[in-house]
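Have a look at these structures, which come just after this line.
In the two complexes that follow, chain A is the common piece, with chain B as its partner first and chain C second.
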Partner chain A sequence: MEKTREELLQIDFKPPAKSWMDPHIDFEARRGSWSYPGAPKNLRYMGYPNPREWSPTDADWKLPANWKQIIFEGMRELLSKYRSFKVFMDICVRCGACADKCHFYLGSGDPKNMPVLRAELLRSVYRKDFTTAGKILGSLAGGRELTLEVVKEWFYYFYQCTECRRCSVFCPYGIDTAEITMMARELLNLVGVNINWAVEPIANCHRTGNHLGIQPHTFKDNIEFLMDELEEVTGVRVEPSINRKGAEILFVVPSADYFADPGIYTFMGYLLLFHQLGLDYTLSAYASEGGNFGLFTSADTIKKLNYKIYHEAKRLGVKWIIGGECGHMWRVLHQYMDTMNGPADFLEVPKSPFTGTVFANAASTKTVHICEFTADLIRHGKLKLDPSRNDHWRVTFHDSCNPARALGLFEEPRYIIKNVCNAFFEMPENTIREQTFCCAGGAGLGNDENMEARLRGGYPRANAVQYVRDRFGVNLMSCICAIDRATLTTMVEYWAPEVKISGVHELVANALVVDGEKERTTDLRGQPLAGKEDKAHV
Partner chain B sequence: MSFIWSLVIFSGLVALVLLGVEGAKLEGLFGIWLPYAAVGIFVGGLIARVVNWGRSPVPFRIPTTCGQQKSLPFIRHARLDNPATGLGAAARVALEVLTFRSLFRNTKAQLTQDRRLVYGSEKYLWAGALAFHWAFLVILVRHYRFFAEPVPVVIGWIQGLDGFFEVGLPVIYATDVVILAALGYLLGRRLADARLRYFSMAADYFPLFLLLGVAGSGVLLRYVWKTDITRVKELAVGLASFRPVLPEGLGAMFYVHLFLVCALLAYFPFSKLTHMAGVFLSPTRNLANSNRARRHINPWNPPIVGHTYAEWEEEFRDKIKAAGIPLDRE
Partner chain C sequence: MAGAGGRPVTKLGTWLQQRRASVLERWFELVIATYPPESAAFLRGERDRFANPIGSTLRRELPALFDAVFGEGDGEEARRAVAAVIRLRAVQQLSPAAAVSFVPLLKRAISQELGAEEGARAAELLTLHAQIDELTLAAVNELVECREQVYRLKAQEARAQVHSLLRRAGMLVEAGVTDDGKGGGGE
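Coming up: the complex of A and B.
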């Protein structure tokens, strides 16, 4: 990233002179705000159309000769499959309530990042070819010809939307830009226009079971390594089982949790908690990913990748499933899994073996969010907690988009944090809960080549972080999303470097008093605890 | 440009009716046939639109949750913003339709001099929109008095309430003032705000002109160029009972009013005005967030099978074995 913070913040909200109907984009000048195209090997592996080498800066994107027909037919099909698509195409009144709700708009000032215009990019083509008024009146009725330039514009702007759904909170008709972006990406995918940061994880996930392409032996090695680290901090050896038949619970996490800092501390946190409880659970090296980049490509891909969760639960003969801290994974587990790959009639309604609580809200999917599970344990006094072991952190909580706006999981993580930390501070109310701002790296956009867009789009979140940092001395932002843990880390390094990112269960494990543990002098990261600086050998 | 175009078309419509009535003496066309045609297009068009929407299924349950989910008993559940039942979702939609609840959340983001983002409450759009819609509804209901003989008591009450302030003669209806002010605001903000102007289209200005034309001509008919309302009622009752008669001397302004109403009705099903029906069908609002409790059925759920465990085990057999992870088939 070459631009300074000051340069990035020279945001001009004045719309340009040229009409938005002009689709032209200079991809060369906008480097840093788009993602590299899907590599042909990944498209081939997934059987996606039109695998080839190409770049957005090329004049010729090498689309199939009948690309226009493919897109129109695709559109017709999607309109017949999704009422949401039809209704959202027809009823927008362009009241503008959504305009300044998008983090990408707020960070860039680019008018086509206003949700209303992002939708119009697709809506204008719909009008021109699918409505009577548009067919007759053309541009006067807001219709626009589908041209190659329009396809390029779609690529740019529908891969500059993180499907966070913040705008849909404010829309008087609930028009959901995530839904529109998903439709546009389905259409683009039909002609082979997609991004590698989405299709590579998909291809990996299909083959190995997880986005990162981690194979079974490495899966086990990584976890053992993390258990070594955990033992060093706590003095307790945790021995999780993998692919064990007959366990009561299948535990599914996002793969970043057992792969990369700082997610690994969250992973250590989950497993330390389960160890202390004596929970009868197993991990799976096959269902080794709860995340699902299909959500960012096509509905069929969501189903294909999600298939392994219930398939594995059935094979192992578990009774129910716990899902770790991950954002879009939870949108899929909550809003798509049961419909696509259910019914999970071979599982039982989840019941906590320690509190007896029946998770009636998961009666059909049989899948419980780990924050629901842990909050229930704390409420019933099943955990011995020493929150002072988090006293070196002054904590705020970032509501991840999907758990916020697809589930409404607001209080569970807060309840946990307030029980395991002494210093908790909320960010301003327009930036949390259902109004939370995205990390700007979700939906496949969290790659390095897209860094300028990420930093700009991340500014509304970062700005709220700066506020609590300056006002309350906050130095840790906790969250329940693996993409957040990866992308917010980069984002705060740039905007608010004093602040670190963590998962919620990392904080749980710091505070959790475990049988047979040694005196803790550091947290899971190996940082000295408050008041134990002299005892810790870091 | 789109503003000018809308204005041109709107003016054309007004000129058309004036020429038609004053010049060509086509009162029968504008007084009887066009109203019938417009109502037919409105009803038929709107039904066709809703049926068309209804023909596409709702494959996934995708409510936007704007409050705490129903989960653990000790956590307070936001029943309206995150309904867990169909009844809750119905209440959510009802509040959306009657009070514009989502719009009420509206904020305004601003970048300060020192480059911080601040968010202020922004209720003008909500107030303006709500004022317009409610005033329009009351005015519509009031108009029922032209079609019914005897006039239902309720209509009289509404009329009385609307003229509560008893200012002017004839008494000025509060809704007449409110609707003109609200429409003026809704048009004004589109023109004054550069951002709104940037994405506003002819299809945004045109209905505002039509509505302003309808309301404005109605106000003129009541307070300035008064028309003989017994004759208007004669026409209305005739139309409603399908025994149309055409009274003399209704006046050009009356025809302008009636024709703009017809234009609005006929335009309605083909425009963004269908949000009136669409708001009930929005899957992010009208579904309960009960996804994990009750299975939602997708009628076209494709028979897709992922990479199976057996295939996975086959591909990684040696590595699984070396890692000491149990195999299904040794």
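Coming up: the complex of A and C.
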């Protein structure tokens, strides 16, 4: 039959209406939005349950025969262990304040990326089997049967949450939605459903001390190699201090800072600063990772990986710790460390040897953020700075989620940047500070197989970057997180390729006037400085 | 709009300019409907650019595209607007056809607006539809480019992971050239 004109114009791509309770996910069609499962070798090394080869696209996920019982018992245990979990399950009134605050939701429009609905995927099972109303009324009370499809849906959506906690800022009840994701991931972990991008770094970190599995000799080699590069730019030879007992300070950085672009320039920045100060510090080849992917897997793992840093502090006999530009390290340190492994009373309350400032805010963890340390130096006029050496950059600052929302570190990085750069521009206020948008690559999701989810989840941030690029000609976004530096680099290449990514201490090092340095003609990246294009050999 | 004999008295282009707001609203609604229905109210209602990136991108770029085709704009501006929307839809797990559908949906918006008058404008619509078809094909080009870039970015990340190893191992010997083919610094 011939179609009418109206029918011919019916281009219909409306998604079919379906109830949110329907858990079905077509993993094949959604490649690009999920991460590969944990490799059995890593699960075995960590003693995690159910190591096996499997893929989300398989019909059979090879769960243990009693998987349901395991999850229910796990949920019962978590509910009794963490009052917060019980409260978060019961207290939500579904007001929707969080619904439109998640970067994954804002970039996708997928309602199950609304934090309230994502949490409801777990809460519905809780309601069905752990509340009286749910036991009697079932789905009428918002209860939902725990089925294999539900487990698969949990895997899909709880690994589409970066635990960034932007939604929690808006919750009138203060529900920490990241903790709901953490609980869901704990439960999935009990039946061997996890992602390799989280469990491999954990296994490596456990064995060699860092996510990448870099052994001590390579750690030392690589850092010396970076010091060679630094010397080429500055003419100054910086001798790194590694595993030195009796140093005053242990310095802990995310491993990407000494191994991957563009973090290596930030690392050079830290060490150049320490060299100029004559700081009595040491790096540890074992506490060679600030990051703690336990946060994305299980509480026991967080505790173990965090303890390693304090164990090294004790072994090396330092007095206190400085932490580098790492993101979720600060969530662990500021909000979990003290109850898990603290107080670190074998250490001293941090006091800057140059300004005398006592960091009372770190009185219990004894760990100071390098931005606090450097901002204090600048405030007391202890650094000679030439901000014109960053004049080729027009800079904005991305508040990395955890330092912002878990540590409240808003002003120090800005204060530093404004002192080491001449051109600084803020992104719009509902995209910065406590309202900052995530890079969409945190919590183990920064892998390449998950690229589409990362790119659309990164759009809310990129949208603000495009705005300052177009309005102010911004060409650099600085940040204080290694996952940011790795994943935002890719994200801006897609959305705003004119903008590059850096750490804050890379900019510090460009501006820092160092005793005995040669005339700088390039920045740490080897790019010519403004007005020195003819002198730079690049 | 119709004359005494039921014939249109204004040219379609002028008529579209007069009905711009209404056609744009219809078009916006049709495009919003390609997202899950639970999200429509939010995508439609929230006007802050930074609180609603999808909705505000559509509210900015659909009019820009409309004006580039029927108003003062040029082909370059039309392709830019198409690219801005496609860049977003390319990573939203839409089928390729659904991703580009926002362009031909303009035909439907215009058809809805014309209503009974459509028949009388058949000849003019032929030209207009050809213009929209051209934009649809431009959208296909942009979509393929975006999808290829996504795969390039995946490959680039994988390469970056081994890059530092290669560099450390002294296997990159040509000074000033990195393994992505760009001139690199500090080698």
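Observations
Quick note on the criterion: the second predicted complex is superposed on the first by the 522 of 538 C-alpha atoms of A that agree within 3 Å, B and C clash if a C-alpha of one lies under 4 Å from a C-alpha of the other, contacts with A are read in each partner's own complex, and residues count from 1 in each chain.
Quick note on the criterion: a contact is a pair of C-beta atoms (placed from the backbone, for glycine too) under 8 Å apart; a residue touches a chain by one contact, two chains touch by 3 or more.
For clarity, every value in this text was computed on a predicted model and none was experimentally measured.
Clashing of chain B with chain C is the outcome of superposition onto chain A. When the two complexes are overlaid on their common chain A, residue A:106 makes contact with chain B and with chain C alike. Shared-chain residue A:207: touches chain B; no touch with chain C.
Contacts of A:430 after superposition: both chain B and chain C are touched. Within the superposed three-chain model, A:13 lies in touch with chain B and with chain C [touch as defined at top]. By the touch criterion stated above, A:490 is placed in contact with chain C alone, chain B being left untouched. Contact with neither chain B nor chain C is seen for A:439 once the two complexes are overlaid on the shared chain. Once the two complexes are overlaid on the shared chain, A:456 sits against chain C while remaining clear of chain B.
Looking at the shared chain after the overlay, A:32 reaches chain C, while chain B stays out of its contact range. By the touch criterion defined above, A:142 reaches chain B but does not reach chain C. Partner contacting the larger number of chain A residues, of chain B and chain C: B. Clashing C-alpha atoms between chain B and chain C turn up only in stretch 111-119, chosen from 93-101, 111-119, 147-155 or 183-191, once the structures are aligned on chain A. Overlap of the chain B and chain C contact sets on chain A: residues 6, 9, 11, 13-15, 20, 99-100, 106, 111, 221, 428, 430-431, 459-460, 463, 467.
Against chain C, in their complex, chain A makes its touches with residues 5-6, 9-11, 13-15, 17, 20, 29-30, 32-33, 99-100, 105-111, 221-222, 225, 229, 232-233, 259-261, 264, 428, 430-431, 448-449, 451-452, 455-456, 459-460, 463-464, 467, 490, 493-495, 522, 525-527, 538. Against chain B, in their complex, chain A makes its touches with residues 6, 9, 11, 13-15, 20, 79-88, 90-97, 99-101, 106, 111, 114, 116-117, 120, 131-133, 140-142, 165, 168-176, 179, 206-209, 215-217, 219-221, 242-245, 285-286, 299-300, 303-308, 311-312, 315, 334-336, 338-340, 342-343, 357, 359-365, 367, 372, 375-376, 379, 404-412, 415, 428, 430-431, 434-435, 459-460, 463, 466-467. Interface residues of chain C, counted against chain A in their complex, comprise 33-39, 42-43, 46, 48-54, 56-57, 87-88, 91-95, 97-98, 101, 104-105, 107-108, 111, 118, 149-150, 153-154, 156-158, 160-161, 163-164, 168, 176, 183-187.
Across the complex, chain A is touched by residues 2, 5, 49, 52-62, 64-72, 74-76, 78, 81-82, 84, 96, 100, 102-103, 105-109, 111, 115-117, 119, 125, 129, 193-204, 270-272, 274-275, 278-279, 281-285, 289, 291-298, 300-302, 304-309, 312-313, 315-316, 319-320, 322-326, 328 of chain B.
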